[in-house]
Amino acid sequence: MNLKGQHILSAKQFDKELLLEIFQQAKKFEENGGDGCLKGKIMATLFCEPSTRTRFSFETAMLRLGGDVVSNFDMMNNSSFTKRETLFDTGKVVSQMVDVIVMRHPVPVALHELAKGSEVPVINAGNGPQDHPTQAMLDAYTIWKEFGKLDGLTVGVIGDLKYSRVLHSQVMALKNFGVKFVLVSPKELQLPVDLKERIDFVESENLSEVISEMDVISVNRIQEERFASKEEAEKFRGKFVVNNQILARAKEKAIVLCPLPRVEELPTEIDGDGRIRFFTQVKNGVFVRMALLKMVLG
Amino acid sequence: MNLKGQHILSAKQFDKELLLEIFQQAKKFEENGGDGCLKGKIMATLFCEPSTRTRFSFETAMLRLGGDVVSNFDMMNNSSFTKRETLFDTGKVVSQMVDVIVMRHPVPVALHELAKGSEVPVINAGNGPQDHPTQAMLDAYTIWKEFGKLDGLTVGVIGDLKYSRVLHSQVMALKNFGVKFVLVSPKELQLPVDLKERIDFVESENLSEVISEMDVISVNRIQEERFASKEEAEKFRGKFVVNNQILARAKEKAIVLCPLPRVEELPTEIDGDGRIRFFTQVKNGVFVRMALLKMVLG
Amino acid sequence: MNLKGQHILSAKQFDKELLLEIFQQAKKFEENGGDGCLKGKIMATLFCEPSTRTRFSFETAMLRLGGDVVSNFDMMNNSSFTKRETLFDTGKVVSQMVDVIVMRHPVPVALHELAKGSEVPVINAGNGPQDHPTQAMLDAYTIWKEFGKLDGLTVGVIGDLKYSRVLHSQVMALKNFGVKFVLVSPKELQLPVDLKERIDFVESENLSEVISEMDVISVNRIQEERFASKEEAEKFRGKFVVNNQILARAKEKAIVLCPLPRVEELPTEIDGDGRIRFFTQVKNGVFVRMALLKMVLG
């Protein structure tokens, strides 16, 4: 699949071949550092939700390839939005000036409006509860590097499976590889039905019973910003904690993933455990985004 | 006129010769891309009003010439303003560190205070209702490219002619070229008298009667942020709409300009009309600012 | 002392030899401009308090050495702080992506938490009332350039000696050079005892009596943001004003320093006096930070 000039809006766009191509390219960057392949290219980051990690990851990826960045990381407050411009027009306008646009927005459809207007590739850096395709890529890359493959692995996904866009994208990406899922969540926060229909899974509300089956332990915090009220979210907080006691029952070769920030679900007592990979994921994220930017900008 | 080391505060500074020099340089950049002429130079963008388009335009212009950028795009909230520094001192301070300063500020005189303190060139990116000289440059460049000249053209300016700084700067720039103006606005939002005194114009409140005379149709939204209240502004909204019905009466070779954001005055139904140029203007803005930066920084 | 890979958290880390090494390197940059020694390196600026001067100084320093910058200058509002990440984790995360982190934070211990997590050097750009080591470096550099030495000078420090982090760092840096201090402050805003214990000083509440002894006149504004209330701070405002009348009694070869912003304590009537150096300090700050970044990043 040739990504040149394409919008990257959803993990649904990825197939196995594409992901493997990205992994190979990311690995090259990890081993040899960035080449200057994007010199003279400019990326705009438009962030309408607070973020440091994801924005820095895209921006450092661009810079490490020799490209440049312009940024509006407080776009809700600092932009012509306040002068009532449509997102279609914003996409049209920004794309006259830059070579690629990276956007985060709390409303899923906002991204698609912007992409319709844009004359350059738009990359989704998180659109509300819907999708976060590059996070899924880096999750998959982290697993692939660790196990040398993805096919046949058992991936446990734990926590808020309803609202976590990262998890939704992760599931979409991993399903390309014949992965078996173990879904662990409160009844109220189960994976949406349309996703369940596409995957091979078992479901459980008892983490300690199923932890030993997992090759990959993917922990997803309660997405409190998606709930109607803070109290509503509070009910589920700390329901599934991956602590030392739980990890004692996990496979020796398992790895623990988390899109971060980690909160109660991953207490600091596990920081010495050789199986955690959530900070390695951040490092991997830069390489994966370098690979993606190179492919999208040709 | 040698711009090296000069502040660019107002469109009143421009004469015909200077504008043509900028157009020629902008055209070269449009055709050949940026050279690395500003490598090692740093631009500071100080924005005290929300903006994405204008700031990105300046920043991408600087980057495409090989220069670098430091930015404070939320200066009202994030700066020593809150520690009560004068703008004179801010100008003095920032100019110790960078090679050129680009400022937007809601209070016209603020820009002049900053420029007094600065030891490097200051470029006005919009100072309240007063001036926006680089927007005027790009408007004129867009017309010049389209018609191969400016002299003798009839330019219709429509909408809020009282508060639109873009329009004020545009009028100041275009008057250098023997342009005839057709002013279309509500009585309460007419062009200020001191500008009228300098130009050749007719006035009308009936757009459909005069649209057919215009080579250039310049549409200016109601500047609601300059009104005492939102209700006050609301009275004038949608008074002069350039829709398909109006455009049917316009010249076949006319072009439609707008500084953006476009709102009710330019409905999306006209987006297929071959005469609209408001997105082309954005692209032209980068080339014009590249030319200006090159001339100012020598 | 080899600074490569070290955190720079406090002026207490500096000794005479290190400071002189930095001065020599800064002077080279001042005379010859930046070399491209940090090409391919990326600095993150994380600012949790409003700042333009200090952030721009670090960022222009990095850019002038060929490096790149990613910035979050409104981190209190725009970051995963709002998703309750610890500063340890933030340090861990950001350090996976960049080569050096520059942080400002209103809470002193926050910096140390971040540094504990970070796998790359962290530089303190001001942590509450505690420390601002690079400002102290540039103060010392300014004096050193002026007098050709620091040993044996008499340094008057005037104003809010209790809450000024700049002053605390300045005292820590200068005490390496056998400097004699003249402390001038209201009783309530005296230098903290633990600092007094380390230096050679006399104290006064009468500025005009002691001004003539000073080689260096270091003026520190009331740090109103550190007081319990604005009214509390108001009591001390304008207590010690360095105006023309006071400067008439100062040494002919004295110099006046101020970390800026300057407020009532330094009225504009003195701007023509050949002894003021507060804008020169800003320029010096870039060279000193270039030197520090080069040494930290090796």
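Which chain is which? They are A, B and C, in the order written, and residues in each are numbered from 1.
We take it that contacts are C-beta pairs under 8 Å (C-beta built on N, C-alpha and C of every residue); 3 or more make two chains touch, one makes a residue touch a chain.
If you're wondering where the values come from, they're calculated on a predicted model, not measured in any experiment.
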{"item": "Same-site or different-site touching of chain A by its copy chain C, using the half cut", "value": "different"}
{"item": "Cα-superposition angle relating the copies chain B and chain A, to nearest 5°", "value": "120"}
{"item": "Chain centre separation (chain A, chain C; CA means) in Å", "value": "39"}
{"item": "Junction residues of chain C, two or more chains touched", "value": "71, 74"}
{"item": "Chain C-facing residues of chain B, complex", "value": "40, 42, 44, 46, 68, 70-72, 74-75, 77-85, 88-90, 92-94, 96-98"}
{"item": "Chain B-facing residues of chain C, complex", "value": "33-34, 47, 50-53, 55-57, 59-60, 63-64, 69, 71, 73-74, 221, 225, 260-263, 268, 279-280, 282-283, 285-286"}
